[in-house]
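Each of the next two complexes has chain A plus one more chain, namely chain B in the first and chain C in the second.
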Partner chain A sequence: MLAPYSPVEIAIDGVGKSFGKTLALDDVTIGVKPGELLALLGPSGSGKTTLLRIIAGLEIAERGRLAIGGTDATNLPPRDRGIGFVFQNYALFRHMTVFENIAFGLRVRAKAERPTRASIKGRVDELLSLIQLDGMGGRLPSQLSGGQRQRVALARALAVEPRVLLLDEPFGALDAKVRVELRHWLRSLHERLGLTTVFVTHDQEEALELSDRVAILNRGRLEQLGPPREIYDQPASSFVIEFLGEVNKMPCQVARGIARLGIEGCHPVAAPGLPDAHAVAYVRPHEIEMSAAGTPDTAKAVVQSLSVIGPRTRIHLMIGTQRLEVDAERSTAEALGLEQGTSVGVKFRNVRIYPATR
Partner chain B sequence: MSIAVAAAPRRRNALPGFGPTIGLTVFVVCVLILIPVAGLFVKATDLSVAQALALLSSPRVLAAFRLSFGLALLAAAVDGIAGLLIAWVLVRYDFPLRRYFDAIIDLPFALPTAVAGIALTALYADNGWFGAPLARLGINVAFTPLGIFVALLFIGLPYAVRTVQPVLADLERDVEEAALTLGAHPRQIFSRVIFPQLLPAILTGIGLAFARGVGEYGSVIFIAGNMPGISEILPLLIVIRLQQYDYAGAALIAATMLVGSLVILLALNLFAGRWVRRHG
Partner chain C sequence: MAELHVFGEKRWMRVVLIGVAVLLLVVMLVAPLVLLFAEAFARGIAAYGASLMKSETLSAIGLTLKIAAIVVPINAAFGVVAAWGIAKFQFPGKSLLVSLIDLPISISPVVAGLVFVLIFGARGWLGPTLSEHGIKVIFAAPGMILATLFVTVAFVARQLIPLMEQQGREEEEAAIVLGASGFQTFWRVTLPNIRWGLVYGILLCNARAMGEFGAVAVVSGQIRGMTMTMPLQILALYQDYDSVGAFAVASLLALLAVVTLAVRRFLEWRYREELGYVGSL
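What follows is the complex of A and B.
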């Protein structure tokens, strides 16, 4: 139905940008593959939005190069880049109907390139049905829900047949349920259109679920780039593991490639390549096994509190003075008869050691 | 009795104080606006219909109507354009002393109108700083309708700036960026995205500048020259009637002026309102 998009690659090569004295982006290199859905993930101030705006041409890179589809786009104005941009707060034209919003990009074209009135209408109707808003072209944006507005913004961006789709926190302003729905819809849309897509988010779950690859940014630098699974299983730095959801942090001591946590009943952990110094051990809450107190090869912990969240239980433990968060099946906690004050044996299934941050 | 009370639906407003505030509002509106205006119309009826028609259709009065309304509308329209430009510069750009420029805009509000009139007259008289070079070009400003126009321009400008400025400041920048990414040129962004959103505020500013200008007296009479039929404004005509103890005549001219102004303001408001309804 829709005109086939020819996916292009985006080459971000050593891009840097400062705002006054703050360094927003520092030597970032990312190759976005044709047809890929890439997430730019990071906390606020990490430079992810700045990077997206540089790809769009809304900001200009001070250092480095940018190429879209093999042609240099570093200094190209936005309208010559073949991009579609979706803003966090929709940025719809409030004084125009849904139809006029979507048609805008076609109507502002120079006369020679402008489609006929009939083909603009055909194209807008096609997009309206794509975003499941058939027959609502006459509405004003103020008469739509948040999720509908964001879909209109997306249709408006797609109307100009961009080579690249850029989304800035596309679900940020929506409530939780609509967010998840729209996320799945966007994923299926991406599979149908195959358009090279970059989206910015600060929500790690969204990035891991939706994207083909995730680029994690921190203070203007690229921390890690890889498929969601690789990012989650092999975080490249302590920043990445801390950013990807809750994690327990424990001090440890590395000597000759072996890290010791200083907790009785806890085995030493291999830490190849780390210098002999203080380090930090990370354990995710669901990577802690609990057993009856006194089980061999376990550390002894005391339950501080526990709360039931649907099918799972969240338990706060203390090993001496070390606080520990555990996420377990509700049945496990019930089988062990856990309640405040009971003792329990714990074993770490997966420990990751990173150098202590400066 | 008690059954009737129980059956009556209870209607309570969540916000307290409706009674006293509406009472005070009605009182103030009556005392300050409605009763004096009604008095004006009552006073005008002292004249017979024939007398009233004769007065209103006299060449001198007709000329004053044309002059006052024509120049006030023209000056308000020019103020609307200039006000948009000034508001644009103040909101969109940062430059040295911007805040002082911003404060200067209010000067016509604060300046006693007679002072403004004398200052403008001094500037635009044939020997003034602006007047002398203009006179050499054959353009006389002071003591001509052009002088009235200049005075009204001065008086109305802050209204035009101050109504547009906050609306312009509130416009979301990402909407313009969206237009940019969709391929619009700056001119198209202004005409299709920015201007339609500013139009109601611009019209309000023009309306205010017009309302102020049509009744302006102090700053105009010094620079106008006040030649009957040429540069004599309506408020001056009213003052002249009053000095001749012709209160009914003065009231009639004033009431007619009021109706004319109301019609114009209503038309502007209707247009702006329809625009807002149609375009969200």
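What follows is the complex of A and C.
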């Protein structure tokens, strides 16, 4: 009964939306492939939730088109879109039991389409066991933990056999441990159901780990769309690289396609296509190699402080007036005998140059 | 007990403060209620019953019930609609509407009554036109219903607005996405979520509608056996030196107040059980 979802595609084509004077979405085009798990990633105010609500029909796009499964859905009422929606705070019906919550979508159907009482019960029981809450159908939402509520919200959305599953910050309100567990559970559920799924998150780790592709939004615009690995390895803009986690930022000067960091011992970096101007060089903390001070081809840095975090070491360095964060194996730091005040040779393994922000 | 001392207050101070509060409550609330019932039953139960069964008094009770039966449902419906609109949607002029809803509560009822006389009275804006068609508003039941409607219009809405605002729109949105129609959403999600607040708002509205004096006194003309409500009848009986009669009717209104209060306590206890989960963490 849970298998026969036929995955559909979602075509978001040039969608725009304003709230008063603020532009929430500006010409966003994303094609969600059938059966894909897509993350909408961005900071608050980036328009990611607005886009999800437009797919659901809870907001209407002012510009552009939306098609679900090949048919135009731009102005279709939510109930006719065949979607399941999981709200950020779950929005469970507080006065209904878990069973009634899950059965709701089936019970409100027109009489001709409404399943029989027995088949509703069968379906709800099946979903209860899918979300590992067998026998808890009689409870009220207030008697459940956060993770349980989340799963009930998911079961309620799945009960109507949607063609598309939409989740708004599905793990936002949960504590770290439950979060990771549910993440894995949701991924395996997605693999079992094969349902086209779009979820909103502001957590880059969550997006990179869980999704097939990530769409990064910033101020209502699509910054980059691609598989997690591509997004991480080839960030399309300085916004993307900054949003994807901690990164060192250094000023540099581009001339004839070559960027110079102005740090002694630091090689120039190819910056093809960039105009001759000030630019910004980015280096991730784990992409910095350390060696004994004075090693050829390295810049000289001084250790400001260091802290051990489990198997890793976090080192704050200074190259002249430039501050650097380095993430290294603990053994590396110990082999070099690093402590506050020691000098160390530094080499950048991977430098990315982006134009200075407009 | 230790946490009681965080403010550093002395034991005797606590006793004095609580004592003063209790004394005030007894003098201002309990004693008057006891005296009221004592006065009503001063000549025994038979006299109490007989004074309630007088035709003038019966007609006043009947008219009061009729007015409440018309006013309360209208205001309940208005309250739900207004609270829904205000709590769940953003629109220009919203804060003005919220202030307007409070107006009938902050304005003196006598002034409200006078306004209706100005509109519907013999020399009012609409009075002459209405009397040409044989419709009598002032010094008749329609005027009293209008005045009571006006005075009690905000009670249900004011009870529901904070409740609905706190509950937000997400549950309704969830219902819509799951395929519910507008009516199904209202009937199965919105209404059950506000039911106890609604019941209490209706009770409050009812108590006020039955107890309204000022506005009704101005528009009713106080024709005995015709346009008298319970509060008007109480004053009339009292001015006739029929103190048992006056206090007997008064005891009914007092009883209504006590019952309203008791139901409120019960509902608050129900709220805690049922509304412990507010939807957001």
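Note that the second predicted complex is superposed on the first by the 356 of 358 C-alpha atoms of A that agree within 3 Å, B and C clash if a C-alpha of one lies under 4 Å from a C-alpha of the other, contacts with A are read in each partner's own complex, and residues count from 1 in each chain.
Note that in this section a residue touches a chain if its C-beta (ideal position, glycine included) is under 8 Å from a C-beta of that chain, and two chains touch if they have at least 3 such contacts.
Just so it is clear, the structure is predicted and the values come from calculations on it, not from any experiment.
**Student:** Taking chain A as the common reference for superposition, should the pair chain B and chain C be classed as clashing or as fitting?
**Tutor:** Overlaying the two structures gives a clash between chain B and chain C.
**Student:** Determine, under the contact definition given at the top, whether A:105 touches first (chain B), second (chain C), both, or neither.
**Tutor:** both
**Student:** Determine, under the contact definition given at the top, whether A:56 touches first (chain B), second (chain C), both, or neither.
**Tutor:** both
**Student:** Return first, second, both or neither, reflecting whether A:146 touches chain B, chain C, both chains, or no partner chain.
**Tutor:** In the superposition, A:146 contacts chain C only.
**Student:** Mind working out whether A:93 is in touch with chain B, chain C, both or neither, as first, second, both or neither?
**Tutor:** A:93 sits against chain B and chain C alike.
**Student:** Going by the contact rule set out at the top, does A:85 touch chain B (first), chain C (second), both, or neither?
**Tutor:** both
**Student:** In the overlaid three-chain picture, which partner chain does A:47 touch, first (chain B) or second (chain C), both, or neither?
**Tutor:** After superposing on A, A:47 lies clear of both chain B and chain C.
**Student:** Would you sort A:7 into first (chain B), second (chain C), both or neither based on which partner it touches?
**Tutor:** In the superposition, A:7 contacts neither chain B nor chain C.
**Student:** Is A:35 contacted by the first partner chain B, the second partner chain C, both or neither?
**Tutor:** A:35 sits against neither chain B nor chain C.
**Student:** Chain A residues touched by both chain B and chain C?
**Tutor:** 56-58, 77-79, 83-85, 87, 89, 91-96, 104-105, 108-109, 140-142, 156-157, 160
**Student:** For the complex, give me every residue of chain C touching chain A.
**Tutor:** 170-171, 173-181, 184, 188-189, 192-193, 274-281
**Student:** List the residues on chain A that touch chain B in their complex, please.
**Tutor:** 56-58, 77-79, 83-85, 87-89, 91-96, 104-105, 108-109, 140-142, 153, 156-157, 159-160
**Student:** Applying the document's contact rule, which stretches of chain B touch chain A when the two form their complex?
**Tutor:** 172, 174-175, 177-185, 188, 192-193, 196-197, 279-280
**Student:** For the complex, give me every residue of chain A touching chain C.
**Tutor:** For this pair, the touching residues of chain A are 56-58, 77-79, 83-85, 87, 89-96, 104-105, 108-109, 140-142, 146, 156-157, 160, 173.
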